[in-house]
Amino acid sequence: MSLVIKKISLPLASFTLEMDLETRGRVTAVFGPSGAGKTSLLDLLAGLRRAKSAFIQLDDRVLTDTANGVFVPARHRGMGYVPQDLALFPHLSVRQNLLYGHKRADGANPLFSFDHIVEVLEIGPLMQRGVTRLSGGEKQRVALARALLTSPRLLLLDEPLASLDMKLKGRIMPYLTRIRDKFRLPMLYVTHDRWETLALADQIVVLVDGRVVQTGPVQDVFRRPASVVVAGLLAVETVQPGHIIRRVDELVTVAVGSIMLTAVEKNLPADTSEVHVCIRAEDVILLKGDAGVSSARNHLPAVVGSVTDAGPLMRVELSCGFTLTALLTKQACEQLALKPGNPVIALVKAPNVHLISR
Amino acid sequence: MSAEEWQIVWFTAWVSALSTLVILPGGLAAAWVLARYQWRGKTFVETAVTLPLVMPPVATGLILLKLLGRRGAIGGFLHDTLDFDVVYTWRGVLIALGVMSFPLLVRSARVAFEEVDSRLEQIARTLGAGNLRVFCTVTLPLASRGIVGGMLLAFARALGEFGATIMVAGNIPGRTSTLSLAIFQSVQLGQDANAFRLLGVSVVLAFAAVWSSEWLMRRKNR
Amino acid sequence: MQPGLRKTFVMAMTILAGVRLSAAEVAVFAAASLTDSLKEIAAAYAKQSGGRIIFNFGASSTLARQIEEGAPADLFFSADEAKMDGLEKKGLIVKETRKSRLSNSLVIVIARDHGAAIGDSRDLGTDKVKRIAIAEPRTVPAGIYAKEYFQKQNLWAAVEAKVIPTENVRAALAAVESGNVEAGIVYRTDAAISRKVKIAYEVPAKDGPDISYPVALVKQAKQSEAAKKFLVYLGSDDAAAVFEKFGFVIRK
């Protein structure tokens, strides 16, 4: 699917939403802090809101073109919308909610048939219930099913897991991946959670104060945030000031305090000397005992500062001349028997040391 | 209570009920527009709709009489081309009751519409519903309690209407005599016992209507 | 007392006294059909003797009811004897002051322009006439007289369904003026003051009911003396001339 969003100009409370964007991909995450204009963007795409200036095209259909007076009304846009508050109709049963937008067409894609969707989202037993008596997770699934039952060409999801606790998030996420994989339905997924983004999306658009600050494949953007702001948003855990010592092509030696690090960085301007050094916690490998020789260019002797719970993982704060954060599985943590004060060696591959010029 | 008195009660009840039904489409439309849209002359419309509530009923009745009489703008047309009379008939009563209770219906319905989460209406659109379908399947059901409450209030108002009715329809026994007009008449005739009987019925009807209206409007749907 | 305060006190007393003095107005409750004639008579009386009259015009039935309930009337001038009898029975009027010297006649009126073609009262029973305005025949004198007349002429059955009862006789007149009814029964004196109606038929005295306007002093009058004075004036030749001018009949 290709989605073109151009020439958007929509004044909001404290800033104007302005975008020029083209994205292809199965799941595109729209990532940004609250109030960045993400919901307004979805409303524009769905045709629920009009902007002074906008051009929106989905695949080969132009949906909005203010310059030429084109505006396809919401009901003809073929977009399934799951809003943040779910907006299930309180006066209708689950079944009635589901069937509200369902078109029964012969020769329709069997994937989008009523029975199939009910099966995939496992909402069979909820049919006759009143909407107000569903649990949070059940409501979420019903809202998803209702949107799917319109056989949409694009699914818009506004922070679908935001109001759920960690456990529930873990339980609903598989349904989303099922939707992505079984239905091959392109999704536009608004979130401020990096875990959801990493788990589900292949493309990411980072939106701050109404502007796109970075866009691209998820892994690339996470590894190489374009600015400290983006790095902060993407919660790259370790961001430290550094000073370039030597450069040979892409290979850069950078000093953080008195510690030398080796980085691989393609996109650094020639005369940069001051940089931010960004290392994602997932990219830090911990070794107890003798390091031997390894392919990682960076061996950092460190001392464990603290070990804290981070949901399914454990966050380990290390001191190696600067503060370095690592994320380990619980199992790994137990195996290494990490406790504050333990000496370890932190291994970081050169390409995982990302430099942003200052 | 004599047969004549029961006839008056019955007439009052059905013409009040009918007047409420007649103003329903217009009332809901006005309430909807006032609830959902903003425009420059909005305060003017709001005031115009509220006028019958605060003006002296006989003043409103006088305006209606001028419009609907045989020489009036509307009544003249009806009389000359269709040989159809409004004043001094039950149709005059119907219109007087409708006009006087219209503001009450609009106010209640407007509040009911405003309490419907517009997000639900928007989502219904993304699910493929056109404006009429959204209104009928989402807005109306969710606003129904407030609307019915408003209808009951309008009905109660119509039951007790006097000033405009007597101007437009007179107090013709058996044809346009309503409860309030009959009570007035009985007092004129010095038939206080009759008056109090009719008064009793009047109080019971009004009490029932307003009580149910309050009960309905207090219980929130969500 | 300080001089300034004393001045204010005297002024206040004077104003209050003035208010009391001007409350020596005679309150006359009179039938609607007497409106124009009585107003002219009162104006002449004021010029002559300085006495002020305030009026409450309406249907005699309404006025009688109000007096029963204690309304502050000094004189009651009714359009029929029955209403006066009712008050006399309840002891609310001073019997000795009661006098009946005024009479009237009934007429059928139609709108001056585009009026229905009516020759006499029989025409009221035809299809030409769909609505006839008369004062409420159950209570208001003008309506009672009209019904009496129709019954005497054996017309009541034919016209009963067409009757639009009004609050008082002037309201019946207004209904004919507005064009909302084809015809109306009012007093000849009412038809005379209206420019928008014309008389289609005047009920001859022998066919018509006995119309009589009694006047009396109300027992609970606040201004008995002034009222009695006005009562005497009402019986004078000057007043009689005005009544006759408006079309009333003076009975000796």
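Note that the chains are named A, B and C in the order they appear, and that numbering of residues resets to 1 at the start of each chain.
As a convention for this text, a contact is a pair of C-beta atoms (placed from the backbone, for glycine too) under 8 Å apart; a residue touches a chain by one contact, two chains touch by 3 or more.
Nothing here was measured: the structure is a model prediction, and the numbers come from that model.
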Pair of chains joined by the greatest number of C-beta pairs in contact: A-B
Chain occupying the middle, per Cα centroid: B
Most distant chain from subunit B, judged by the mean position of its C-alpha atoms: A
Chain centre separation (subunit B, subunit C; CA means) in Å: 37
Euclidean distance of C-alpha centroids - subunit A vs subunit C, Å: 91
Separation of mean Cα positions, subunit B and subunit A [Å, integer]: 56
Junction residues of subunit C - those touching two or more other chains: none
Residues of subunit A that touch subunit B when the two form their complex: 43, 46-48, 73-75, 77, 79-81, 83, 85, 87, 89-91, 100-101, 103, 132, 146-147, 150
Subunit C partner contacts - residues on subunit B that touch it in the complex: 65, 69-71, 75, 85, 87-88, 166, 170-173, 185, 187-190
Subunit A-touching residues of subunit B, taken from the complex the two chains share: 117, 119-120, 122-130, 137-138, 141-142, 221-222
Footprint of subunit B on subunit C - complex, ascending: 59, 61-62, 65, 68, 130-131, 136, 138-139, 163-167, 178-181
